[in-house]
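There are structures below to look over.
In what comes next, subunit A is part of two complexes: it sits with subunit B in the first one and with subunit C in the second one.
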Partner chain A sequence: MSASLEKGIHALKEVIDAPIASYFNSCVHCGLCAEACLFYLETGDPKYTPIHKLEPLRRVYEQEYTLLGRLKKWTGLSKPVTDDELDQWQELVYDSCTMCGRCSLVCPVGNDIVYMVRKLREGMAVSGHVPDGIKGAAKRTVEIGGPMGLKWPAVANVIKKAEEATGLTIPVDQAGADYLVLLSSMEIVNFPEYLEALAKIFNKAGITFTLASDAFEATNAGIQIGNSDLARVIVSRIVDAAERLKVNNVLSPECGHAYMAVRWEGPNLIGRPYSFKVVHVLELLDELRQKGVLKVKDKFKEKLILHDPCQIVRRGGVLNAPEPLVQMVAENYIPVADKQMWNWCCGGGGGASAIHTEEAEALRAKAFGIKKRQIEDAGVKTMVTFCANCRIVMEEAIDHYEMDTQLLGLTELLAEHLED
Partner chain B sequence: MDALQFLTWVRGPGLDIAVGIFVLGVLWRLIEIYTLGRKPDLAEARHAAGASGWHTVFRRSLPPPGMMKRSPVSYIGGYIFHVGLAIIVFLFAPHILLITNLTGLSWPGLPSQFVDLVTVVTMAAMIVVLVDRINKPAKRFLSTFEDWFTWAVTFLPVLTGWMAVQHLLLPYTLMLAIHILTVEILLIVLPFTKLFHAFTLIGSRWYNGRVNGQRGVPV
Partner chain C sequence: MQGSLIDSLARQGITRRAFLKYCAMLASMMALPPSAGRAMAEAMATARRPSVIWLPFQECTGCTESITRSHSPSIEGMIFDLISLDYQETLMAAAGHQAEEALHATMKSNHGKYLLIVDGSIPLGMNGAYSCIAGRSNVDLLKETASGAAAIVAMGSCASYGGIPKANPNPTGAVSVSDLVKDKPIVNIPGCPPIPVVMTGVLAHYLTFGALPELDAKGRPKAFFGETIHDRCYRRPFYDQGKFAKTFDDEGARRGWCLFELGCKGPVTYNACATVKWNGGTSWPVESGHGCLGCSEPDFWDGGSFYKALSMPADPLKLGGAAAVAGAAAGVAVSVANRVKKGAAKASHEKATLADLEK
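Presenting the complex of A and B:
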């Protein structure tokens, strides 16, 4: 057994807990999870059945934690997990699983399958069976600060431009602010309007905020790759900054898995509860809407649908904020059949969008079929979402299929139509 | 050994061994699984209506939105054979009598003809779900020896019990002995195969509901 494999198996043994044991013992191979997985539904290939993606974890569980499994291992009836096998599973655990968590919603015996995928990734990461694209993003986040290799001067530049565009001051490293604002690299590079929108809204609501020059990046490639040690290092930057600046709240950007990382995984990674609250930007906006602070001067006229990002809505629990905000700003909002916690993934979450092999890109394009039909069935040319990653993934797919669809960020759309 | 001796054995020592393995097996497996424990969730909880372990334990008994249409055989076939098995095991007068003899507990049963009908319907549903397992790509792909084996182990007691009551194929005494033997095989196999979902299902649903309930998601 290679040293890395040994570490991987050890990591898997470490993550196995009573829920996982209960889940594996409950599975009756009914295959219903496949019916909730966009990769299975769009390809028809049964290897994408969610529970099958967990086979190496199941075997380690059986061989290490059950009497019968130990007996089977001892008598040679059950083979140990090998490097070759994990290598084969890499595609199933990363390329074809976006950790969207839809399978966990349908399993009749109640198995939380995505919970187990997240745990399996711990072993995959430690044993080195991770796609190069995700590995690179994780390395850049640890060494440079963000998955795209962005450094503070780039952010400072965006801040300067936003200040010029809005005529407002955007504070940096200001202690005692209500909110510490986090960004995602994709927003800094592709959607710098996000910061302008936020500055305007904060100004209007009379809320103080700040950015931290040593903790501006909200995304966490450690979570995507599945390595808790890396994830802890990355999330600690935010925790340290928030506590140093003594802010009351940390504002998670639209980005999906950044919210998962900082809101739900963070305290468990650092081993203690936070001294501040983590708020998703849409939760704050909806609160301001209910207070009557957020008012629109006019509405977006075209027909549009909403894409609910998995990590914020289904897995993050921001269930009720997005729709009223869309309704406030859009005159012709068309609800899709599978919405809110039942929405379909963009096809590139959980780090999948960082994998740039030909096969992975082709698979993503194929998995987009389900979104494509949603757009076509609704007969719209505009889709609103609130995750920079969903947006990039879907823009790529829209280009691929040469569709006439524009994507908008919800915060940005709101900012454009806000009362001055 | 003649049929009567066979019947005497399966009713006596055979049943004791099977029930013993079943009870100890279930206890052992439950301990093996649930003593693994879990770490507390340190993230500040978000409270939402219907988002808890117990909500999911009950809610997951109903097909989630859109799923009935995607896999009607799994749901309808699944409901029929599960409810059918429960009626046969717990509401057939001779079975209640057996439980009364073992535990002292007693309750009224259903008319024998009705249980007959339920038995036939249950067997039909089990055959339909078996065919579905062969036909549906995901089900077939996931299936291992254990899936076919546990199906047979569950089906045989129903079939032999029905044949004994109907006086089919073999003399009643022999068929009844075979019926009891198949039940004993089922009892012995249950704790160590996927049939154990009968016990872990509540725990699994609860954990799923609890973990997601922390985030305010009613799964």
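Presenting the complex of A and C:
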């Protein structure tokens, strides 16, 4: 009702900073980022070249902040960015970019391309060019509390079931706990075993934890949509709860972009450092493994490969924790060629999985081709991952291709084989 | 002299094997396929030696010296001896009326078939009176001889482009062969003097294929004049590294660095010296420590000092200071303007709400 091109351009002018200026100036048009992008790789369409996805941002930068660009704009050599153009770019900025950051990793001049995609989304958001799916998720998160529209009673229900299954108490709103446990809606709805697993592990390790009734959702659709104001509202809930309950740590769930939002974007959004530490669940588990608290009673026998979620591993920096944990619990772990920071995205990160248009779904299925080959080349029937979103996206794709592959969450897999 | 070339060569102590090797070398130098070497050998060995008339005009005999004396006895020299050189003032035994008779007899009996080699430029001033043979001006002689020639070879820079006689102020009104003759195929073999093997290469090609080799825009055989001295110079790596001799006796000169700053014209001179070398492959000007004069290029004599570099970089320090100041000033101005603009954009930020996502 109030989104407009002017607002979009204004937002872009606001977000363009020194890094962006130097990135655009140092791009040597080598095209290496294309080869790093799964959407280009699987479709062969050059429009999916990551740096090309930033064209509107580049033009605004050139026209507003460079001498030559201003001259070009003034003489009509460089046309201003139009609403139609942004509309056309919506597919490139949302449907075909999962913010996986592989392009930033390969750029020979060190351009952080995914950083710029995130900034371009600021302009896309307030000019009204966000896919409805992500917009809906953002709306539900701000208005109701989570991208799926879940409210506390649903969480309370999961807690009750977990307590019944494990025989342990799961504390809520308990001040002074070591860890504030966050969940993602995916876990609440689709993988409630996660909370059970966690309760068992905490109990075994003797660590205190709590959930917060006003801040249970870790995901942040404001970041996916690319609007800092909304993202700030969402992340502030967690910060407020953590500081009110005086916890030492906030435990980010397996979910990839939730970790990115709380751990890396959060302090920048609120403009100050946290008074607590943000820990990814795998970091905690690996620490417990090293301390010898985590011991398995038996091992998973089947051959399996690991899918490293981009936002946790490549972009999040949790590089070394996952593999030893998998090796601890799996007898036949087969490392894939492109692993850890070189992993290939599931195809639905960065909000893409919330877009349910036919084209977007077809594109996601196509982009899954590379994962499909990884699974087939390794000759496995099991893939382990530690991101609820990756898991959902890949499960959809596995159904689409009618593959005989099962997906497991790493935390659950560990919990299943832990010593009692 | 009678008989085929191969017999004559054998009589002079040149084996068939040496001759074949030579033909293969010629073919490869002219970038012809390997089979052309054998074809050349066969054609030259059996060919009836073509009648050649050599006319010297305003020249210094350097071109003749180059061909005949460079590294005697050479196969070039042998072949040159063994074409039917029916008229060459410097080399022929006959003189006076006898010589003129020989010329006219050849022109008559081989009309339309003989090869005309010209060295020296042709003066047009004072009706051509600056240079006469047997009472006739060079320009008359050239026109008469050229009319019955199958093709003309302009030997050396004077015949090709006017050369030193044409140098400013050109008192004799000297011109090149191609300035006067327009209706015959002409090959320019410039150089002061030209490289002997280029001459024999062109002759061999003519004998083998019955046609002149492929020429460039300045009428030169591409096979020998296709690349610059600079492109093939063994000192080129020093140029690429920016290592230059500054004087003829400095450390750089002793180390054999690039002679560009001492006026070497290699970068603008098309010739084969760097690959063929001189005096039987002994050396060539740059190898002996002196820059190329560009003697095979038109009007090389009027191109300024031989010791003036083709171009010199502007004083980098002086310009560098000014550029740094200008760049810093521009940078500050742009950054201030941009900061103001971005500041204004930030100041006028309107907090986005969910409503702002909808159009």
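Heads up, the rule we're going with is that the second predicted complex is superposed on the first by the 417 of 420 C-alpha atoms of A that agree within 3 Å, B and C clash if a C-alpha of one lies under 4 Å from a C-alpha of the other, contacts with A are read in each partner's own complex, and residues count from 1 in each chain.
By our rule, contacts are C-beta pairs under 8 Å (C-beta built on N, C-alpha and C of every residue); 3 or more make two chains touch, one makes a residue touch a chain.
All values derive from a computational prediction rather than experimental measurement.
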Clash or fit, subunit B versus subunit C on superposed subunit A: clash
Let me test your reading of the model: by the given contact rule, A:Tyr65 touches which partner, first (subunit B), second (subunit C), both or neither? both
Determine, under the contact definition given at the top, whether A:Ala125 touches first (subunit B), second (subunit C), both, or neither. second
Contact-wise, after the overlay, does A:Pro267 reach subunit B, subunit C, both or neither (first, second, both, neither)? first
Taking the superposition as given, does A:Glu143 touch the first partner, subunit B, the second, subunit C, both, or neither? second
Using the superposition on chain A described above, determine whether A:Lys13 touches subunit B (first), subunit C (second), both, or neither. second
Per the contact definition in the header, classify A:Lys47: touching subunit B only (first), subunit C only (second), both, or neither. first
Under the stated touch criterion, name the partner, subunit B or subunit C, that contacts more residues in subunit A. B
Where subunit B runs into subunit C (options 27-35, 45-53, 63-71 or 117-125): 27-35
Name the residues of subunit A shared by its contacts with subunit B and its contacts with subunit C. 16-17, 65-67
Subunit A-facing residues of subunit B, complex: 28-29, 32-39, 41-44, 46, 48, 56-57, 60, 64-67, 70-71, 74, 78, 136-144, 147, 192, 194, 196-197, 200-201, 203-209, 211-212, 214-217, 219
In the complex with subunit C, residue positions of subunit A that touch it: 1-4, 7, 10, 13-14, 16-17, 64-67, 125-126, 128, 130, 135, 138-139, 142-143, 225, 227, 229-230
Counting only contacts in the complex, subunit C reaches subunit A at residues 330, 334, 338, 341-342, 345-346, 348-359
Enumerate the contact residues on subunit A facing subunit B in the complex. 16-23, 25-32, 34-36, 40, 44, 46-47, 49, 51-52, 65-68, 104-112, 115, 263-268, 271-274, 277, 314-317, 319, 337-338, 341-342
